[in-house]
Every structure is written in C-alpha cells, then in structure tokens.
C-alpha cells in the first residue's frame, strides 16, 4: 500500500510501549486488541502488519463479507452436552479455530512464536507455523510439546507447518524433511504470494530462522522499459501445478493449498491429490479487489463435496463470523492478524485471551442458533 | 459491547443532571429524548442502556430495518370516526403501542417503574412489568389501579408481567402465582437471554425487587482451557421447550414468548399451546447480527395466520415504524429504551409526552395513508 | 423536524445579510444559491424553509431519487431548430419548468412574490401563486401583466393559482372567484397537507394576504389522553373526494390535484373529473418516509395514459433531474425551495438567474441525449 | 463545477511548487501522484483539471464502476513467456495502455506535451495528441521520433492525433492534412464535447498551438430570455453524422470516435465506416450523471462484435481496472488526468514512473488471474 511512506503517515511514531503485564478488564473483543496494538508497535511495523494491497478494498471487504449474512436464532433448544470440537484430516481439534500462518512474530513481541505457541497450546488450539517464522520450526514444535506436558496433557494440539516453495527444489525439500522430523503432521502450501515482492525491511534481530542458509530472489524491475514481472526471475520461479505434483510425490503428509478462491482451482487440487484447501485472499495483502473468500466458498464447497475439507481464512474477528463460515461450507477458520495484535499488547496471556474470547463468542452464537456442535450448523441458520 | 470500559470512553463522565421539571418546548420526537438522556444519566448507566452486543450492527439494523420500506399515501379519504384502538387476547388497548419489559427503571429515575406506570396509565397504555423491576410487581400493579381511579376511569389498562425462568422451578412458579394474585392478566416469557451473562454492576439502591429471596447463577468461565459456555451451570439451567410445557400446565393466563425470530419457532410455539409471540432481537443486546425482526415478521405471520397475534419489538422510534410493523403482520409494537430516555430526562411527564408523540405520529401516518383503524392497515400502504 | 429549537441549533444566528446587489460570477448551479442562502435568512426562517418532517429521510430521498437513474447519451444528432417548449392544458410554456406554489415569499425578501413573479415573467415561466402568498393574488397577477408589457410581450405566461380548502366552503369559493376574476387560468388544489399543523410563527410584516378576513383552525391536542388527531376539528375539516366533487361543480377552470403518489388515487382523480396531477410528497414536509415521487411516477403514468398530464414536484435541482422526470412520464416539473434560496440571496435577478441555469442545464442534457424537444424524451435515455 | 470560485474555495492558493527533481521513494500508486499534485499546480488550474460537470457524480462513478467487479484468481498457472502486448488497427502496442488526449499539458509543466511524449516513448506507449495541445502536433511527433532514436529503437510507438471539428470545415481539413503530413497514423474524433463551453481562462504562455490562425466560437447566452443553447451558433456548429461522413471521405487514416456510450451509436458508427470507438464519458466533464463507461461496454461490445475494437476511457487508475475493462470487452484503455498529476509532480520521470506503475500492476493482476496475455482475459476472471 502506497501509504507506507512519509506522505501517508499522519501520526507521530512514538516509541512503542512494552507489552502490558495484565489484560485490561474492559477488553472483551478482538477489536479491543486491534485498537490498542498500534501503541505497542513501531509505526512501520504496525503499518506493515495492517496494510493490504492497493487501496485496500479487499481488506475492508474481508470484514464486510460477514455482515452480508444475518443469523436466524432458534430458541429453547436443549444444548446440554454440546461441544465445539471438530475432526480435520483425522485429527481432533478443540474448536474450528486455528491460528493462521503469520510471518515473523518477533515483530510484535520478543518471544515471538514461542509465546504464541504457548498460548495456543494452553487453549488447545493448533498454530500453523510459518516458513517465515522468527524462531526455528524445531524450537516451536518443542515448545508445544513442553507446554502440553506442563499442563498435564497427553499430547499437544496437532502440529501444522506452512510451506513456501523455495527457488531451489532442494531447499523446499529440506524444509519438508525438517518439518516431518520435528513432528509436524500436515503441510499447508501457500500458493498466492509467489509473484508479489515486499518492500518491507526487517528490523534488527528479526530474521527468517528457517531459511538462514537459503538464497532468496532479489527482484528489481527496470523502471524505464524492459521486463517488469513477465520474463523476470521472480515470475519464472513461481510454483506451478507441476511443482505441486513433485511435492505430492515427496511426502506422505496431508497437503493443504492456501490461497485458492475458485471452484475450478478446487477441482484441480482434487485432481492433483491435494487433501484440503484454505479459501483465502491472503488477508487482502497480494492483489486488491479479489472475490471475497466467503462469496467463493459455497461454489467451492459444491465442487469438492465431501472429498476434502475447506478452511476459511481472511477477516475472521468474532464468533458469528466462524458460524457463518461453517454454514457456508467451511470446516474451520484461520485467524491471522489478531495473533499479532494480542501478542503485541499482552504477549502470551494476550493471545490466550484472544482465543478464549473467540471461542466464547462461538459458543454463544451456537447456543442462540440452537446448535450443539459444528456439524449441526447448516445454511438454515442464515437468513435468505 | 467492548466500549464499556476506559479505552472506549471518550467523553467525560460529568455528574448526571436531575430530571427536568418541564418538558422543553422544542421536544417533538423520541430522538430529542434520546439526545438529551446522556446528560441525565451516569456514564456507565447510559452505556449499559444504549449498548448492544458485539460491534452493534443489530442495534443499527433495528433502526435501519424500517427505512427499507416506503409508505404509499392515500389522499382525500374520509377519516371521521377513526381510532387507533386494538384488541389483543380479548383485551382492549387504546393504541397498538405497549411499553416493553425493561429492567431496573430506577437506573433512570428514583421513582422508577412507579413513575413509568403512572405515565402509561395516564396515556391508557399497557406497561409490561419486568421480572427485574426495581419496585415489586405488586407495588407497580397497585400504582396502575390508583392512577386509573384518580383519572376517574373504570379500570387501568391491561396488566402484563414479563417472566424470566429461575434456576429453580419453585421460584419460577412463585413469580407466576404472585403475578396472578396481583391481577396481571398475561405472562410474557423472555426466552432469548438465558445464556447471556451481563457484566454490569447495579449501583447502590437499585435491586431486583421481585427476586430478593431467590438465588441467581454466578457464571465465570475459566480463562485458560476448560468449559466456557457448553457444560456450565448457566447453559444447563437455560429453559427448553419442556420448561414451556411445564409452565403451560401451571397457569391459565395467556402465555406470550418474547424473542423468537423464525417461522419454525413460531409454529413450534403454536404446537406448545402458546398464545402469542413478541418478534424481537432483544434490542440487539444478546447476539449481534441476528435477522431483523421486521424481516422475520412476514414469514412468521404466514406461519401462524390468525391463530395467534404477533407483536414487534426492537427499534420502534416513530409513528411510521408502527404503521410498517402493522402492515407486515404485527398487531402491536413494544417500545423499550425510549422509556428510560424519557424517564431520565423528565420523569413521569417525560414518559407521558413520549407516548403522546408516538401516538400523534401514528395518527398522522394513518391519516396520510387513509386508514381509519389499525385493522385497515395492510401491505398496500408499502411500496413494492 | 425536532431540531428547530435550541437543542438542535448548532450555529449562531447572526443577523441575516441583505440580498446581494449583483450575482457572484462563480454562481453556476442551484446548489450555489442553497449554500449561500442561510447567510441571508434569519436562522428560524432558514430552518423552516429547509426542514422536512421527522428525521428527514424523504427530504434526502427527494434528491437521491434522481441519482438512481443514469442517462444514455446520443451523439452527433442534428439538433438545429430544437426547443424546450411544451403545451399543458392547452397553454404554451417556454419550458417544462414551473415555480411550485410556495408560501410567504416575504420570509425571504421584502418584495416577496412581486419579485418572484417579475423574474418568472422575464424568463417566460409560470409561477404558481400560493393561497398563502404574502401579497394578494390580485397584486401578483397584475405584476405578471405589467412585467410582460414592459418586456414588449403580447401576454404574460399562463397564470395558475394554488388553492387550499378553507374550513368553510364559502371562503374556499371566495378564493376561487377571486382567482377567476384576476385572470388565473388553472387551480392547483393541494391535498396532502390538510392534517399537518405547523408550529412555525410568522415574523412581523409577513401574513397570508389572501386570507385576511378568513378564520383558521387552531389545533391543540390534549397532551394527556383525549383526542390527538382523530376526532379533532382539524381532522374533521380535512377535504375529501366529496369536496373535490363540489369544487368541480363550482368552476370551469382546469383543476389539478397536488400531492398524489399512487396509481389508485390517480385513477380516482380521473373518475372525479380532475384535469391533472402534481406527483409530489410536498418536499418531504408532511410525512417522512413516503414513496419517492419519481418511483411513484411510472405506475401513475401507466394508470392515466394520455387522459391527463402528470407534473413532478419535490427535489428538482438541476437539468438532468427534469430530463429524468420527463423520461418517466412527467410533462413538466415544479421547483420549490430554490425560489426562496435565490430570492433571499439576490432578489429578482437571483430568481431569474436560477431559472436561467435550470433551463441551460436542461438544454445541455437534451443536446447530449440527442433530443430536440421534450416530446422526444422517452425511457431509452435512461440506462436499464 | 460550481465550486470553482471564491465560495467553493476552502484552501489557500499558495504558489505552486516546482516539479520534484527525484521521485519520492514511497510513491507506489497513481493515487500518490494525485495526492501530491495540488501542491505543484496553481489552485485554479488544479480545480480545472480535477473538476467534473455538475455535482460530479459521474466523476465519482468513474472510479466506483470498477469496484463493482471482483476478480477471481487462478493459482499455479505457468506464465513463463507471458506478455502484455496488443495489436490495435494493425499496429503493435507494448501494453493495452494509452495516454488519452488531454488539452494543454503546459498547464502542468513548462515542457508540456514534449515531456509527456518523451516519457511515453521511453515506456513504449502511445500518447494521443490533442487538437488543443500547447505545442504543435508537428513538434510533438518529432519529439517521439527523436526519443525513439536516442533509445536505439527502430521506431517510436504509433502516433495518434485527436481531432476536434472546427466551425469551418476548411480548418478541420487543415488539421487532418497536417496530422497526416506529420506521420500520425490514426485520427480520434472527440464527439461528446461540442456543445459544452468552458469558462476557464488559460494563463499567460499557454495556448492552443495548433489553432493559432483559426477562429473559435464565442458563446454567450442572453441571461434574460432569448436563446440559451438551442438556436445558438455553438449548437448550430456542432458536428453531426453528416460531418463524420464528410471526414471519412477526406482521409484514409483509421477513424476512431471518442465519447460514445450506447450500442445504438456504436452500430451507427459501424454503418458510417468508423474503425473504432473510445467508450468514454469525457472523464465526467461534460454532463453529470451519464451511464458508466464500464456499464455501457458489454452491450456495445455485443453490438460491434469483431468488426471494430472498443477502447475504454474514464476513471482508470490501477492495473486491476485495466483487467476488468479487458474482461468486459475493451481492447485497451486510455488514461487521462494521471498524466497531468505525474507531469506536475515530477515532469518527464513522473509520467514514466506513472506508466511503469500501471503496467506493473497490470502484470501482477494478469499473473494472479493466470492470464499470460491480454487475449487470454475473459469474463471468467470476474465474479458473477
């Protein structure tokens, strides 16, 4: 977004405040963390986290898409014994809520992904670990196991790893093998950001811990004539369905593609042996003006039927959003930016509280619509 | 709503002004009372009264729902002998306007429900007395009779009591028997707020007068893991259709359910021997994003036909709103928050004036659409 | 509107400026006069002129209704010999633009209707003289004839008189006879404002010049109980179709009803021998939330066919508005508040300039859509 | 627009800053130039450039029209070898992006069209030279050839000339012959602005260089009565289809009509031997409230089929806009005001950078929707 620089910068960049040591008692919604977060982040980091592509219509639409649907309540149902638990790829999750892969948690808090994973484990929630994590995937997995043990649980929630294809297949494969070795049980391959290059510069002390020894593509278009995107190394290195086939042949882990928004691509994913899809516009960060994930969802759900689960990402900020996504065909949702908001404001307890709020809101919404389980949610809860 | 606390609080909380001793001559609409009310209420009370759930889209939608319809005027009709009177459950009401059950009127004025009932009786209007009234249901009923007598009327308007189920059926039954004994002629059972717990603390001197000896459920979810709503005492105590059947078996008073918004629930209410329904989203206070009452109304009216009357609650603020509700299938409307606005601003005369404004606006709207009675109002007054 | 009084009054009421002696060179649209007018009017007069009923949704809708339609241009047409002239009730008008009846022009300018009629005559435009004019209907008619003579024209534009029914038919008939005697060639009977009572107090020096000797109904509802509108003298004196029949029997002048908005009323007007209709919501001043005149127009035009002309009133502020009204079935439009804006800002020359702007905009819009005459305007100029 | 003058002028007219000597590093979108441009232009020039007709709804609609469509991404496509090149009228263009004819570039920068043409040539883009250019059409053509030679290219991009009909056909023909002699390969005839007269006064040093010896029509309507537009010299001199036939008979150059917005006019253009159409509402500058070009486009594309290319003008500000126009039937787009924004802010490099941004955004959008060429863009990239 073009407002990153001086001209678009209307507020003073005061030094960011340290994380709070206690959660303010009036914090009751994810919006409270979002409102408070800029005070705890350097200006350029806040803008990097929040910004979307172009004039940010997709960013706004990601929120507005949920408002197009209204819920039909059902009263006086018997909800004793109800539960939010769901099963995905044979694994049990306490609720249809996951933490989306988000790069560089240390931008928001010195403990970064370690704090986030501790909070997620406490709330029995899967955190999808990013290729661009600021701690290594091995350290983060170990954190999950240690936290579960300390809580006296038999196991941590399912471990999932998000994979970016690297310019060299050998490096991609190295990431896959490390994830397998560290106990991750699923690979989520992000496919919608390969030809978008960021101009954001990481501050000192924050790095892509998993990629220390791997080269990255430096993209610089020639400003006067010449190639811009077509014909450049960045474009030529972008993964294609051939690369997906290769990856499929290299691992037995379930493969989920993140970033599809059309029924055609969903069908193609089935044809290529993919196990699931994250319906997402990358939080509005890649191309502005894409179709809303919630609008794309029903046709995609029709296209894949029971053959693979769809997860919804982008814009989820409250419990009723989750219920609407389930009603339209998703099996679970992923939550992105709110992780960093909560992490910046209050560290580990902030993230735990954020997840607690979301789950409490989901339970209230299920109760008011008379649904004792996610499986019981269908389109009749939405007004026509 | 998360703005209750310090972070969401932009205005200074000056000491509230006492009620006005005279109605300002430029007050001509319910909006005038709403605009003036914050000056006469403690900040936290005002926010408690006004706030809705979540980001308050339902709160806004409750007003906007009426704006979707336009009125078709009919000119030069002969309206001599016209009247706003309606008959509900065999009882005559001067107009299709009732005061909705609202908790704790003493939050707005020291005379609380006593002042409101005096005003309602003067305007020949039924006030639905809340289980959570700050005077006892017996005192409020006595007020209605005394006021009618003083005005030289044969009787006060019909007395209606709003019932919240108590954790223990014995206590619920005790409330029913007291209401019967005090002369209430109808029970309105609120069914949409049983699993929503409030964090608002009553100020000194305000209490639930009817429940002095009865226990309430203290709900506290465990913030880290554990049960949130499903599996808690709050959820397990929520009433179900079985409880409705039990209540039906205990009293001969007409039973009206408040808080239904679907044709399915309306049919079920018929099946369970219910006499009427208040179509309501609880003023947007329980779950944000529910279907609008006015949108739900036509299908519910089709579902019940002439077998039970439907009343509409939530968002009514002017005469044309009432006309639109009647056109879409309601027999009358309930008015909630405006009671407290008028009570806080100008006490008894304020509530009387508020009711007068609403009735005057209704009569003007009936006249401009050429309808001499509520029965004559049909969908042809709405533009397609 | 309830904002008339102190609480709704945010701006200081400085003394109004006298009318400008020259039209500012940058004034190019009716909106320029509207923006400037408050500086030339006492605050309470400005609010009285501008205000609409209730929360003023109709007032806003009167403008927005035109924006729902887009124009399809037609290029390279031969428009030599084009003209805006129209014939209404056998009388020629230079353009399909008339000045709507507006009460008390002296509120805006000491010369009141005399100045307006001079300007209208100069621009060859009919001004509909209000029953509530602040000069007598005889003086205003004489002004028109004198102005035409001074301009060397054979005749002034057609003279039209707007009639409000008086409580006593004898007084109504007296107005009719005076209008006939003064040379008015048409009576426009306003039927939509009979049960609306105004609380505005005329300032010193402004009066209903035509009604000096006639009684008016003083309406005061009893604030506590008792009749409000139904059963009052105001309601009982409201004209009905019987009164229309009586009036029809008393005069041979063409009769036009102002204030109908339904096809049913349009058919009924035909049945009662009426000659034309002004489709109008009284500028949003009587009941808020009525159907938009432009929305009501097509069905009314279908209902009456060629048997009577329809005129459109309410919200016209620019040339394309007129073209859209013609495309949807109107034969001409009436312009209300802009008369007072221009009169207050710049007196006679202001009104003349305002009419010139409107006509110039209409001609440009006709040229861009390739229509050499109002008769050539049809629905194909509107995008579907 | 009526806000040109003192009353509508809220900001101080500080002296305009000179063009920047370097492009600010945070400039990443055309909106950045638009935001910065007012600081580099005299107030009245900025208002002249930006303003639209009337209340400027068309101006706003030109931007909003693109937002009505969402893009459906396609992931993992193989885009190696992709290109933005298109062929129009047998001429190759590097991308479906052209600079629209814009009058008087010297209003924005001392080097005016010379700077713009240098930038366009560097980016291999056609600039359509206006009849109202502030350098002669011969000088601008020579600039293109010199710039191409300096860059070591065999030829400059195709040269196109925009033609306004002159009151005298001899002068029109003189312009045609000069354009042919200077090597222009196409004439774009603007047909939608002939009866609109501007009140803007050119500052010293800026003139219509091509028209030095030719008379213009001075239009002044009589403010009181008399002719306004119909019957004036301005109207009588407006070109008609007869003039188009005459022009067609005088030159072999391809003829493109700029300013049509209806399928009827598109069919008529075919009948008159026209080679192409620019679908445009003249940037909202002639008549406010016209149908949006993007809305008009599909029916026009259906009407002409493969028989002539359609180009879209008005409102294009980013790469996804171009993709949407292609999907709905355009073969290329024209960009207007952004030329002057970039020229004012940073001269030649500014215009080059602006074109680079637009092309880079187009390539990203093509990549995200899986389209390796403009020909591969169809309606399936738009969500239904």
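First chain written, first letter: the chains are A, B, C and D, and each begins at residue 1.
Methods note: contacts are C-beta pairs under 8 Å (C-beta built on N, C-alpha and C of every residue); 3 or more make two chains touch, one makes a residue touch a chain.
Since the model is a prediction, treat every value here as computed from it, not as a measurement.
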At minimum, the number of touching-chain hops separating subunit A from subunit C is 2
Have a look at where subunit B meets subunit C and say same if over half of the interface residue numbers show up on both copies, different if under half do. different
Chain of greatest Cα-centre distance to subunit D: B
Suppose a student superposes the Cα atoms of subunit A on subunit B; what rotation angle should they report, nearest 5 degrees? 90
For subunit C versus subunit D, what separation do you get between their C-alpha means, in angstrom? 42
Cα centroid separation, subunit B vs subunit D, in Å, comes to 60
Multi-partner residues in subunit A (2 or more other chains touched) are none
Can the chain contact pattern be summarised as a line, a ring, a star, a complete graph, or none of these (other)? ring
Considering only the defined contacts, which subunit A positions touch subunit D in the complex? 1-2, 4-8, 54-55, 57, 191-192, 195-196, 199, 221, 223-225, 228-231, 235-236, 238-244, 257, 259-262, 264-265, 268, 281, 286-292, 295-296
Can you list the subunit C residues touching subunit D in their complex? 24-29, 31-32, 35-36, 66-67, 69-84, 122-124, 151, 318, 320, 352-353, 356, 359-361, 363-368, 372, 383
